[in-house]
């Protein structure tokens, strides 16, 4: 995904600090963006659906694992019987080909895994990435070299190799969703580290950091109190882009057999097994694909909104002179 | 210059570290290499013979040391009837096929490079084009639609996009042949036609990121003072956007492009598998499955090499392209 | 017909009326300076002349005619032809106003081609010509350079060259020298003067620096809150201002030619004006100044043989080269010098933010490596010196917390006290920096420095980002604090007048060395070094006649 | 063999003609194109175009195709009385692609090569059956050669076995029985250009068997080869393709794909759904049956599977319709209650010892569990692989999990990566108690189906073990020996069937289904022959004109 934020945020936002943040003003700016609000609503709804999966399926009277062999046409490869993939009062979104499992139940339970894993993985990525990036930017030359090399390595290693290796090392009794989130988190932090390092290097030259040092603060405290908030902006925005990409990675890991254990559904798993059904049972593919699309769209629009709201210059596109001598670059 | 030397050393260290990690990883990965290499119904005696032949029982460091020796000095291998010399940058012989890994890679590299480079051109054109358009048409309906389309690209895994594209374009509309790799040197036209779909599927995934980045940094640049200068001097909007704003948005695009080589390689694995293109990515998947250590190490190193190089190039380009970086 | 005719111009941004019923005329070949403090609407008005508010959401009313074009009514195409060709604008910030990616010659050529349909080649030749005209040495080669390869002054010249490319009848210069140090500022102003004399173009100069206006324009228009305060010939307005505000503005301008004890006349003027905060502070500063005689012999800060080298090998830059100095309790040491002379580097070494390559810093007699809360710093840029994501109260509280203070009530109490001490309100504790003006932010910076109970405060250009009135307030505050707390100050600035106003002793820096040092009056009135004389001659004068004399002097000094 | 599958079809229309190019679209590359390394049933498909063997499979549709017939040899082999010595005579006028004659010494050398560690990969029978085979290290290390193969003259070859093997003619169909001229042997490099004895020779072998181009071997003569028709002039094998792509291409049947077939890619369930609705496509599907069984395996050394009642309960609880659906539906899988495949050549004898009906008998299962002392239900772990093969894959495992839930058995799934899975289940020390498995025939007879799985003497302690239930029953072992002595293959088949039925009572496995091969072929394909031996369309019979 994009390093959009390194580049986009680095030169400008720092020097354009007037009004850069302040939770109140940020919220006000966010509120002016209708699209972002709708997106935030959609994300909230998705999370709600995921959390309420047992309730929703109870309402429908189905569960995601029970087979319904009678609902599929065995002679025709197990294609669902009935129109629109077997949509009925009992099965709101039809049933899965071959197994006859309820698609609505699988979709909402899949949301749990996909969103849960993706969000957890994102948290892991951010934790590692931020620590590595901060460490590299604030440590001495050697620490920087070491951590930057580690970052290079993690970026240069093909994901799949790492995933297979980690799978092999961890006993299969280890809870799978946690493992998957960890695997994604452990291999996907490279770009965050790069962003944070670049951003921190920029920020640490600013006078307010010097002022904090003059106050007698230690490096750790400066990192936490003065730098982290500034680094957080691009990281949070990047995270909004990472979540959907992590959902796709979970799909790829399912493809490799490192995903969550069957019969637990995930959107990624559904997609990987559904692609061949595109002609015979289109809704099987379209449902998870649509869910994923809505999620990605919502998160991206929300991320966009957050970025715009974090950018103080967004308010006036064409500024005509300013009384302040602007410190060049950053 | 100093920079180049440092960067090169760093890259070498990175690659060495990667090779060590792969060795260790495969050391702990389950899968009896000798049994897999020998065949499912080999007797224990035969399996042991194979293990001896491949030096599988040597300690890890010894195997790694031989591997390094091979890279520096080359190695000799027995074919049974004769001795085969594997010349200097020797990455070993495949356990499975007994082919020299270096040659194997050289044979597959053009395919992967064709795929990734072609797709790169496409995703740059698609992504940057979409980005420019949507920055320009910010907030209008056309921008929303463009954004939606590019996001659909990111939201959908490559194997889904690729397969559907193929079913529709090749199977139902019959617009293109089902892709199969044709050498560029043999028939450039067929090469391009056959790779068109793979390029497109791979590019669609990456294009969205570029579109979004381009859009963001275009907006950023459009808000900058020098854009105001040219507007205030009566320079037309086309030139302002096309020449000045786009040029300003370029540096981050370059950086992103280099950083995306890694993920593009990941996408290439799936694309190659789906379209049956005999490239590095697909071979790597296979090699991992059959625990063909020399092939895995060799290919991961080659991929790592490209990623490291392109990241280094990105750093340089970024500094060169955005002079302000150096200045400030 | 006048070159510029503005009648009843108003510009509104949302609720804000940035320009309010502004009217003026400018004859062909005439020159007018728009003067006023920051935010008074000067740039907004200037931009309206070129129709730059079109399509930005700003509401413009009234009539603007420039070179015969009705800017409000004209079509896009007409406006395009006006811009650059008949009226050209030079923007304030020369670094960001040029495209960093293209050669300067190409950028000028592009503008030229837009208006003349000249060939690429001819346009390049024209670019070289105008670059030569604005005094860029070796213009053929330099035209191929990109903006970052130019110094600030050269970039400003390049922008002027771009404006000259199509020989416009009107040049609008928006703060053309704010970002530059005195010597370069003088060069630019001289250039504008010469160009006007040569080409007969009209000049609309936008500035907050009354001195700059006095140097360059025949007429002055003083603005405040978007409205006209006073308008007339420059010597009339500056010589005998009719409005209190104009007087206040003039009074706030520090004078390089007046020793600091004799600044009382100005202060009185200010006191008479309505601005309570400003007058209070300025009055206080006067007191401070007059009462200040208690410079003790106790050395609080001492540097010996300080050097600092940046980079390695061929790229090495010696920013500071063997500087030694002493600061005593209660005294102010002023450090002046051109941009790049090493002032900031020296200041940062004094407080321990930078490690010297050679030499040592002694705090109260003890050698010191690294920072020491007893030696604080006030930074030049009030924007970047406060964390935009933390409340100012938290920023001020930082030294207290660093000292291990845990009691929230105590911290809050002390911070409120400090905020009030620097002229802010205690309730400002929970506000964010962006909710303050530049001057207020600088006060926060001072409060933060005070929170550490320092013996010495190093002020690195604490006022150069502020307009004159605010500048006067901050300077006054510093003086007052010094008197009350017995602080020693190191006052770094490139503005010689400000330094004279506050300093007991002055050191002049050039290329990392102190070339001259001594009591302020001695250095200013009887400079020993030619370099110091050159600096002094570059300071803009408020009196147009004096300005003309200075111009001649400068030319002579430059020759020597 | 364990991993072997190739596939088949119905009738071809009008008369076939010589000429044209046949395209083969495959997913697995022909990586080991060395006859010593190939593990094929009946000589394989593509390999059998290049390698002729002493005997070969009968190239006919259906059951007749499960017979063994002579190839290089004049007959299927002449045994001595107790079937421990087998003698073959080569036909006259046999030549390699370079025109040099094929001799019995070349056949011997070809077999000897397969013992070399460098060329490992083939089936274990030669090593197990030939006298001295267990210790022989191949011609590169042991120049003396293998004494149990004699070549008294250039056309005669004699094999001496350490025990009676009535099915030796079946074994002689494998590619290890192809002649290799010692002078042209290049060891591990031989696979790049093996010397052809069949109707086609290799003119191009790209990327380790990913792209093979075969053209006519002008020195091959149809008069010495009654089996191979060799209609096309050229055969273009493209492999490494995604199965979905292969089926798409075959169904589109555009350009060169009109003359294309696949030898290794089944129609998937989704594609089948589409094909069955399309008359034209349906007419281009070949259906075949390869001797293959997918089953649940138990390790009786692991609790609670030591208790036969538990194993029987599981057998009763299985919902075969769910399982069949998970495997692709009734068109791709036939529910199985016998371990042996349902073809006559295997000696198929129907039985259903633990009748579960179509959808399982959870009541009966619960009853048995109660008897076994698990009245409160039972939690077990089912080991499966993560391969995407509809055989031991998660789809099957979850179907079983769901069915057993009804009988009060909670199934936890342990999905393993393929290598890990095969390592685990074939290692006597790590074998799980309850897992998915499959077995395919090395040749269409009960012998290679039952012996590796149930012969107690084939239990391997320190290597790959296939007797996963560790059955070592003297009566079973004795019966296997007795049947192996028979050279009347029909009589042998009957007794294999009876043995299967008897072993079935022990509930050591739960047969699930026999796969059915459904494979598309291009519009121009003629003379479709699908035998019960391979179950796939035989490319030596296909014509494209």
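Should a chain be cited, it is by its letter among A, B, C and D, assigned in written order, with residues numbered from 1 in that chain.
FYI, contacts are C-beta pairs under 8 Å (C-beta built on N, C-alpha and C of every residue); 3 or more make two chains touch, one makes a residue touch a chain.
Bear in mind the structure is a predicted one, so any value in this text is a computation, not a measurement.
Chemist: Specify the chain most distant from chain B by Cα centroid.
Modeler: Most remote chain from chain B, centroid-wise, comes out as C.
Chemist: Write down the chain pair with more C-beta contact pairs when A-C is set against B-C.
Modeler: A-C
Chemist: Quick check: how many Å separate the C-alpha centres of chain A and chain C?
Modeler: 46
Chemist: Nearest whole angstrom, what separates the Cα centre of chain B from the Cα centre of chain C?
Modeler: 51
Chemist: How many angstrom between the C-alpha centroids of chain B and chain A?
Modeler: 22
Chemist: Centroid from C-alpha atoms only, then distance chain A to chain D, rounded to Å. What do you get?
Modeler: Roughly 46 Å separates the two chain centres.
Chemist: Note the residues in chain C that touch 2 or more other chains, in rising order.
Modeler: Only 52, 91, 93, 96 qualify.
Chemist: Please output the residue numbers of chain B that touch at least 2 other chains, ranges allowed.
Modeler: 30, 163, 167, 224-225, 228, 322, 324, 327
Chemist: On chain A, where are the residues touching two or more other chains?
Modeler: Within chain A, the residues that touch at least two other chains are 164, 168, 275-276, 278-279, 317-318, 320, 328.
Chemist: For a test of understanding, state which residues of chain A touch chain C in their complex under the given definition.
Modeler: 14-15, 17-22, 25, 206-208, 210-217, 221, 225-226, 229-230, 312, 316-318, 320-328
Chemist: If you look only at chain C, which of its residues touch chain A in the complex?
Modeler: Chain C reaches chain A through residues 13, 38-39, 42-44, 46-47, 52-53, 56, 91-93, 95-96, 174-175, 178-179, 206, 208, 348, 351-353, 371, 373, 376-377, 379-381, 383-390, 395, 398-399, 401-403, 432-435, 438, 445, 448-449, 451-452, 464-465, 467.
Chemist: Which chain A residues qualify as touching chain D in the complex?
Modeler: 65-67, 69, 72-79, 97-100, 164, 167-168, 172, 256-257, 261-263, 275-281
Chemist: Can you tell me which positions in chain B touch chain A when the two form their complex?
Modeler: Within the complex, chain B contacts chain A at residues 10-11, 13-15, 17-18, 21-22, 25-26, 28-30, 147-148, 151-152, 154-157, 159-160, 163-164, 167, 209-210, 212-213, 216-217, 220, 222-225, 228, 251-252, 255-256, 259, 262-263, 265-266, 269-270, 284-285, 288, 296, 300, 303-304, 307-308, 311, 322, 324-325, 327-328.
Chemist: In the complex formed with chain B, which residues of chain C make contact?
Modeler: 50, 52, 79-85, 88-89, 91, 93, 96-102, 110-111, 114-115, 146-148, 159, 162
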